[in-house]
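Mind looking over this structure? Questions follow.
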Amino acid sequence: MQNFLRLWHDSGIYHLDLGQGVMLLVGLLLLFLAIRKGFEPLLLVPIGFGAILANIPGAGLSLSAVENAIASGYPDVLAQIAQVLGASADAGMQALNDAYKHAPAAVQADAYRLATDLGYANGMLYSFYTVAIGSGVAPLVIFMGVGAMTDFGPLLANPKTLFLGAAAQFGIFATVLGAVGLSVTGVIDFSIQDAAAIGIIGGADGPTAIYVASILAPELLGAIAVAAYSYMALVPLIQPPIMRALTNDDERKIRMEQMRVVSKREKIVFPLILLILVALILPSAAPLLGMFCFGNLMRECGVVERLSDTSQNALINITTIFLGLSVGSKLAADKFLDPKTLGILALGIIAFGIGTAMGVLTAKFMNLFCKHKINPLIGSAGVSAVPMAARVSNKVGLEANPQNYLLMHAMGPNVAGVIGSAVAAGVMISIVSSL
Amino acid sequence: MQNFLRLWHDSGIYHLDLGQGVMLLVGLLLLFLAIRKGFEPLLLVPIGFGAILANIPGAGLSLSAVENAIASGYPDVLAQIAQVLGASADAGMQALNDAYKHAPAAVQADAYRLATDLGYANGMLYSFYTVAIGSGVAPLVIFMGVGAMTDFGPLLANPKTLFLGAAAQFGIFATVLGAVGLSVTGVIDFSIQDAAAIGIIGGADGPTAIYVASILAPELLGAIAVAAYSYMALVPLIQPPIMRALTNDDERKIRMEQMRVVSKREKIVFPLILLILVALILPSAAPLLGMFCFGNLMRECGVVERLSDTSQNALINITTIFLGLSVGSKLAADKFLDPKTLGILALGIIAFGIGTAMGVLTAKFMNLFCKHKINPLIGSAGVSAVPMAARVSNKVGLEANPQNYLLMHAMGPNVAGVIGSAVAAGVMISIVSSL
Amino acid sequence: MQNFLRLWHDSGIYHLDLGQGVMLLVGLLLLFLAIRKGFEPLLLVPIGFGAILANIPGAGLSLSAVENAIASGYPDVLAQIAQVLGASADAGMQALNDAYKHAPAAVQADAYRLATDLGYANGMLYSFYTVAIGSGVAPLVIFMGVGAMTDFGPLLANPKTLFLGAAAQFGIFATVLGAVGLSVTGVIDFSIQDAAAIGIIGGADGPTAIYVASILAPELLGAIAVAAYSYMALVPLIQPPIMRALTNDDERKIRMEQMRVVSKREKIVFPLILLILVALILPSAAPLLGMFCFGNLMRECGVVERLSDTSQNALINITTIFLGLSVGSKLAADKFLDPKTLGILALGIIAFGIGTAMGVLTAKFMNLFCKHKINPLIGSAGVSAVPMAARVSNKVGLEANPQNYLLMHAMGPNVAGVIGSAVAAGVMISIVSSL
Amino acid sequence: MQDTLMQQGIDLMIYGMGTVLVFLTLLVIATLIMSRFVMRFFPDPVVAEPSRPAIQTGRTAEVDPAVRSAIEKAIALHRARR
Amino acid sequence: MQDTLMQQGIDLMIYGMGTVLVFLTLLVIATLIMSRFVMRFFPDPVVAEPSRPAIQTGRTAEVDPAVRSAIEKAIALHRARR
Amino acid sequence: MQDTLMQQGIDLMIYGMGTVLVFLTLLVIATLIMSRFVMRFFPDPVVAEPSRPAIQTGRTAEVDPAVRSAIEKAIALHRARR
């Protein structure tokens, strides 16, 4: 009988609270969007599944050993943990969790050892998160793989499209200001770290967003990643109205001239140029852009095809699986079911909109000076969201003129946007982490 | 001359004791069985090789840094270690090893730091074990890959075969009772944790057995894994006599009706149904069955083929290599050359036998009620041992009736057995770890 | 304005010192040699890129958290670090770094926790180094992959070519003596550990060199790895003059008899014979040769093709990427721009030369006794540098006699050289680490 | 103590085997309901493939699309050249 | 405090966006110089392929050389057999 | 001290090179015995392939069985269609 009670007390239904139930549905919704609607499935399938796993009541898969010990609720366990943390024995579980989170690293290590002595272990997803994201390695490895998949040819054929990739990052910083504004006006309480991490959603680049959020605002990582990937999938809905509103029919019909052929050597030298510029000007962007350039150099140099292949396939796939599950582990009820998440979702879509608009307007502005006119529709591709945004540019261009293939031309600003948001990530980390 | 002596003292022959010599032969025997006899070679080749590496005298590849320091036998090293462990300086190496093993985590950490300061390091296999099995991650990743290789179609076409997969798990619990009985009667001293870990051999599923043993009885992990994989390879010898003894010729000739076609969407929803049931009823099975369902969802959802491919190939292969070597590292002489191993081997084969018998008998029992008769030969496939047990059902069926292809029908209970033993693993961990 | 100053202070140019500038050029030079000149690109592309990343001024990618905290230079940070390390608060950054490096492991752990509390983190490359090389795992995994790529057929057809592989390792030990000589005569100050690690360059085997250097002389790892891989690429320039000088035309024209066919079973048993010999005679070579034999057994046994494939492709490629970046992280200005590097480069080429000469001379010596004459040109392949050195033997042989195909015959000593240098590595680690 | 161990073993058996049976029974029920529901309300647009062999122990048997298209191109080319 | 937060946000915007613009402008300049330099002094021995679609989201589209050669051999064999 | 270093170097050379020679000599002997033993008592059922080039630096050259069968099928189909 005692065992039956134990099984019942160990069962999920016994522990289920409303929040976890809602989060299980959120996980299923993400899976539905990914599988049925094709929303960035490579990331949202693992994230959605991870969200379900993280919210299995009583399993504690996303908790550390200490949090699992606290969650057990046994008074003698709580008392021992409290003693190590220097908290009051009857402080309550929430207070102990807070005390643990803010304790110095040495105290956390002591508490961890005590928890393992008491038989508690880190949850599976917590371990994945620590290795994949806590260490920062997974977004960097994915960035390396993305670099190995990126062809800078269209950018090199027309380098001034880099300006479009720069302009579209204005969405990032406008959103920072928006988040700060919400906080100042008392609507939602965001710190400057939170604001910077939310802004990076406007970079429309998944690994960059995860990397920045894991450093500046790990609590918000789940919501930020979900927003970033969802809006990247929604780019075909978000961007066209803005693009049409800011251009007239003549502008949309502009035909761009055939691109010049880019030589192999230019492609080999470009990642090195970019790397040296990063080294000299913005070292804080070195991890992200360094790995990106490394992947691209492996791709273009032509002598390490084995390594390039692996970084585009086995390595990026393995990393994606664990990155996705780890992000999902941050979709716990108490973090995600919070007004902040609504704020993040609202600010994120504004960021995409502003980025799109700035890209288009900057293209029109450049046409005032340049001899070779740019079709402003390719400006919107500067937000990144590779390669979706470039396809959107192409599609809207074809609507205006069925002969006007913009895809190649839009790839320039598209990959420029990746560089732009990585630069923005570097500068934000540099400024914010020292405030 | 001193150097020559040192080389001689460092050589393997100088250190070789009888146990290690025997274990080297055991390792070679496992390799022979794997390579020549085809006994589950994907696991037994790495396990056998790991067993040889672990028993290289004087190399200490499967020892931690502290154990290596103790094994050096230098009196001043022993004295310092003893001081940290709070043991007597002349306690002897065995006593120090025991003191280390039972010390609190904080003391172990201190001892580890001291050992590294003295120039000792964790052995290669010890590091592999810590990362692959100690963390629990390798069996889970393999389970994900197995999920990505599993087609639930036959199970979905005929869900009542799940009962066969349930019944065959009786072998697990009967074996637990057997192990307890051996202990109570004083034959071999097994704890309840040991008994549960031994029982899981009856689950006929390698990663599940390794996962449970690593949590409940790491000392016995080597013997349990070897027994599990060996008996899985021996299924074509173990099962047919039992199957023939419990059925008559008419029963063996029963032809099962053609399976219905299972839709893609059913296959997508099934792993989610299973996951939700696990979440609500048995959270302690969530790591194993969660990863299994995740792999299967990646397979069936059709939008993440990259990830599914990688989890079925590169990722599962890499993990298998290190899992096998890690299991082999637990085949040290002092652990394996023990009466317990004989007990484990004997109980393991009993477990397989009882599971097989219960599967067949349950199929006959179900035929008393069901309209669509089940060929009782597919009941034996409920032990898991995928896909060997299903092939055995097919082969014995063909002997009775050369037109009677049971393979597809047997795949239903076969994969049901995987679910059944993962459920059994969850409930055993839940009950035992709180006793 | 303050932020602008901060950005400027964070920029690379502000921090750039001459050493780092030179090292950036060294990194670019390595990339040029790898990409344009084809110098072992699989390793030198990642190493060169890692060297650039490691020398990005102000980024601290190759520094630990504590070193990054010290490098920040904030007086209050330095004071706290100094207190933990038991150093004087105004000791200066260099003294603190030294104190940290030589502190006991427990103090290092305290300093690390303090640094993380202060907001500093391990650099990306430092993390890669710790996981890939510090743990010793990356060279071992690469050795496993090399084993899975190696065919011992030519060696088994003519086992006495093993003597050539043994003789060529004389280059290793002559170089040790050379390094010791430089130290005794006061030219460059090498310890016996340094000398042993430098000597292993003469083994002409990358992973072995990295493995030994990471254990005996981590400070010199960068220079040793660069020297080893560069000279392996230069084998077609280094060896032929020596080979021609030590042989006359008649010797170079010796035609070797057709090799016998080697059976599958011999190939399966050979790695086990080698493993058992290692176990009995030289346990300190067990990690390297154990993994090598494991890879080869997976290749030859024919029942684990999945694992063999993965260890030859995805796994070795992934490991190579991180190994290369990690080696590059050791190319910091203060370590590499040192007279020791010049000494290492000079000694390394001498090691290759002596090894080549000893291989050729031993082949001539063996011809004094053997019935079946050996073409002395295959002796040079005994240095390893697989498969480049064997190709060089073949090429020089064809010059003397256009019908004289030596490639297959040279593969015997070539792979024997791999075994020989791994044995040498084991014996050096065994002797040196106990001096 | 030994009585207790025996008791623990029996408890483990009863509650363990019970849980397995209850869980898999619920799974049978849930699966039947799900299958009926899906077949009724969300039938596959086209008929799905017949159920394949359950566990593939080797690599996926399907040919890579790139390979298949290469073969088709090669054959088309070959046919065109004749 | 709230003023400070606003100020921090504005600072972040000005210095952040400024850095992005300056960095990418320098990159445009450096790229133009590099391209001109490479095209003038180190032209590719043969003309390079036209720029491909920028990011391949799936596997590399090229067929493995081994596969291609197998196809070619198969077709050659096939042709020879006729 | 410097004498000691020189002495250590010489020791390392003598014992190191000695071990390498002894080890590889034993390996030669063990290999010869093993080969004779295997060839005499356990000859391969069929003759093995001639020894291949020792280390393959690239991917395995063999074509994937799935690919080969796809090619064969494609060609069979092509032939059938004519």
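Annotations for the structure displayed:
Letters are used for the chains, namely A, B, C, D, E and F, taken in the order the chains are written, and counting of residues starts over at 1 for each.
The working rule: contacts are C-beta pairs under 8 Å (C-beta built on N, C-alpha and C of every residue); 3 or more make two chains touch, one makes a residue touch a chain.
In UniProt terms the chains read A, B, C = Oxaloacetate decarboxylase beta chain; D, E, F = Probable oxaloacetate decarboxylase gamma chain.
Keep in mind that this is a model prediction, so the values were computed, not measured.
For subunit D, the chain whose average C-alpha position is most distant is C. Most remote from subunit B, judged by the distance between CA-atom centroids, is E. Each chain gets one centre point, the mean of its Cα atoms, and the points for subunit B and subunit F are 32 Å apart. Mean C-alpha positions place subunit E and subunit F at a centre distance of 40 Å. For this pair, subunit B with subunit C, the centres built from the Cα atoms lie 38 Å apart. Taken residue by residue, subunit E touches two or more other chains at 11-12, 15, 19, 59-60, 64, 67, 71, 75, 78, whereas all remaining positions touch fewer. Touching of two or more other chains is recorded for residues 3, 7, 281-282, 306, 309, 313-314, 427, 431 of subunit B.
Contacts from subunit C toward subunit B in the complex involve residues 104-106, 109, 135-137, 140, 144, 268, 272, 275-276, 278-284, 286-287, 290-291, 293-294, 297-298, 301-304, 306-307, 309-311, 313-315, 427, 430-431, 433-434. Here subunit E touches subunit A in the complex through residues 2, 5-6, 8-13, 15-17, 19-28, 30-32, 34-35, 38-39, 42-44, 47-57, 59-60, going by the rule given at the top.
Note for the complex: subunit C touches subunit F at residues 146, 149-157, 159-160, 162-163, 165-166, 169-170, 172-174, 176-177, 179-181, 183-184, 191-192, 195-196, 259, 261-267, 269-270, 273-274, 277, 281-282, 309, 312-313, 386-387, 390, 407-408, 411, 414-416, 419-420, 423-424, 427-428, 431-432, 435.
Interface of subunit A with subunit B (complex): residues 3, 6-7, 10-13, 15-16, 24, 28, 31, 34-35, 38, 41-42, 45-46, 49, 52-53, 55-59, 61, 110, 112-114, 116-117, 119, 121, 124, 127, 313-314, 317-318, 320-321, 325.
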